[in-house]
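Labels A, B, C and D are assigned to the chains in the order they are written; within every chain, residues are numbered from 1.
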């Protein structure tokens, strides 16, 4: 009973915190950029196939973008810019439930805005009927694509929780950049399997704009479930606070 | 009245500051290198099409170059090396009006020098009649190219102001390198739309040398307007000093 | 006699240390990811040859991955994630013999798990009958491949020991990222010679799953011997502690 | 007279310093790796043209390598690993004349060792008769190649002296990595003009092994002259100590 009362109090207090609305704007703006830039990087004019970008473009753009946005929005919203990151913070009780729901709503709306903006900024010959929507590769089954998205969601959240572990004092260099490199790795690995999305809101945008929603559940379920498991595994077993416990400290 | 007097005094004092002329030399030298290297990276001999660089070359060269030059010239001129960065500092009153005008003049002259130097250093078969001049992609309208340049100018300035926000103490790693990564992201995104210039002086050089000035207004207006808006938005709404105000601090 | 007793005591104490088992789990998990991601990055559907990744994908993925995993597991297991790194720590007496044997066993098992997971996650058209197994290039003799693997193992360990030298205070930025860049360099260099493996456990996985074990000794012997020599050379001749001795300090 | 006596004393003292011989070994080993890896990165089997590396491979390998070696050898020899860097330190009187001559000799011998090692490690079908020797691009005149090498030597030394300026306290992140990025930029720019060497000893090795010495003067003269000018320009005009003087400080 006290537990429920404390839980509700924490939720309500967070809802009244004056920076929540600005944080939501940051997450919305962040996902607008993530979606616009990630989808735009992959487009080329169909009559000019030699200008097609390679998977190196896609992977480096995605990683550098997350490195930059985590840096830029870090002090404003925490710099999640990915519903699976928000999910990781929610399951480890780092943020409130109400905040995680609001963040994911803002991120999803940002994804739609980013895809809409791309539609306006590019000629019809560049849309390819998909606006950069990520789909599973040739012959890849839904289960394989789901598995690949879960694996990269797991890796991203496990790694992110390791580099933001407050008990560590051995980390040098830019932590956001390290998270960005994990994103690049994930895209390199999964590019020909699931496409390497790992950010549900980024794929939600072009799916809504083009109406191709049949595979979108893969790109929501995989990263959210894999990510939640990765965050919990690090937090409960490998983190410095779990370490003190397992060592009897 | 007092406001105007203070404004003029600040402008005149800055004009007399002994490091202004050296700072202008730095901005001139910086843009000479930015233009020479950015345009040179894209050139290849037309009889040897397999040596054509990809957009990965262009994007990484541009980002690494800005990362290096902001580091190299940071203590000399502030390391703007881009008129839209100078514009961002001007509209947020970080530098004086007279300094911003002189910087942009020096940068523009540097762009011309860089393009001229490239003309001398490369054989006619590599010029392609354009010396690396950036133009909108196939079927891209002027409004779309202008919009894309405004978006990347906005992103560059918003991000730059976030990472140089003096009130933040959570930043690790190299800030200039982070700004360079934003430049790489912008090129990855806009390469097939507007070409991904975001630096008016860099495109001004080859336009002047080759005389192809008809589209050059896009590459001045887009980054300057988008950049000014991005700088103001961060400074007035998302910066740590705006934060203290919105939180009643 | 006292030497042997101390040696055995040190080995037994380490075997009883409560964090050994968690460290082994970390090395196992690390190699699962290294193998899954490194082999997966190189795969593409054979009916879609334009989606074939380039050596840039392979080299950057490998380097970024090691940079991330050394960061993530640094405080848990030391973040070796490579039997040749473990070998380097063993020959310089930084870790006990028993720990090095257990680490290499865990890493090898991780390699097999990673390759098995890739088999499950990809359609048959992407396996190419090899699951990303690294083999010597065209016309490259076994001795040349062995030599190339020994050279890159030497470079990796020599460089790693230089950047983790506790007597140095001039290092800035992320040390794990610097180790990752060495891995990328090694792949760039050896890609067309031996394939640029340098991690015996990473190649052991696909070799076991596909049964192609005839060349696998090259990828064990080369990095382990080259790496041991590189670690010893730095430790005994170039390290700051060797330096104090040679300078009579 | 006193000046000459002091000069000679400084030279002799340095010749007797106990770390000089180890520093020479480091420069020799460094250039062996620089040459082996830089030349090896560009090779592919002529019957397998799809395995040809792109200029992205060459540029990133070169930059990451210099970033790593400057880090690895920084406290042993200063981590020059390039005769034009040694020349820059010599003309600004940061090192003695005798040390600079010995370093350049050790570097040149390292270049030959690296090229010889590559010859042994690769099959004849990969040599292409050139072992990765850098030559000017199609239609590029000797003067243009010399100019391009001088420009990139200037940029490398000017930038290096800026990031190692002891009077600056605004630098974050890894300084050697920043120097490495300058190397990558130089390769991106000059790849289709002069080939982007900027390291005379690196090209000296394959030239000696293959006997193609007719263009090698370009790759000695360009970087050494351009580099010396870049080092002096930063040191005398833009450095913090020059700054104090010009500001009357």
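Convention: contacts are C-beta pairs under 8 Å (C-beta built on N, C-alpha and C of every residue); 3 or more make two chains touch, one makes a residue touch a chain.
A quick note: this is a predicted structure, and the numbers were derived from the prediction, not measured.
Comparing contact pairs by residue number, the interface of B-D is reproduced by C-D among A-D, C-D or B-C, since over half of the pairs coincide.
One copy, subunit A, sits rotated relative to the other, subunit B; on C-alpha atoms the angle is 90 degrees to the nearest 5. The greatest centre-to-centre gap from subunit A, using C-alpha centroids, is found for D. By the residue-number overlap criterion, the interface of subunit A with subunit C counts as different, with under half of its numbers used by both chains. Between subunit A and subunit C, the centres computed from C-alpha atoms are 29 Å apart. Between subunit B and subunit C, the centres computed from C-alpha atoms are 41 Å apart.
Shown for subunit D are the residues in touch with two or more other chains, namely 54, 56, 60, 172-174. In terms of which chains touch, the assembly is arranged so that all chains touch all other chains. Contact residues of subunit C toward subunit D in the complex are 54-56, 59-60, 63, 137-141, 144, 147-148, 151, 155, 158-159, 162-163, 168, 170-174, 178, 181-182, 184-185, 188-193, 237-238, 240, 243, 246-248. In the complex of the two chains, the subunit B residues touching subunit C come out as 56, 173-174. Subunit B makes touch with subunit D in their complex at residues 18-19, 22, 26, 33, 36-37, 40-41, 43-45, 47-48, 51, 53-54, 56-57, 60-61, 64-65, 67-68, 71-76, 117, 120-126, 172-175, 177.
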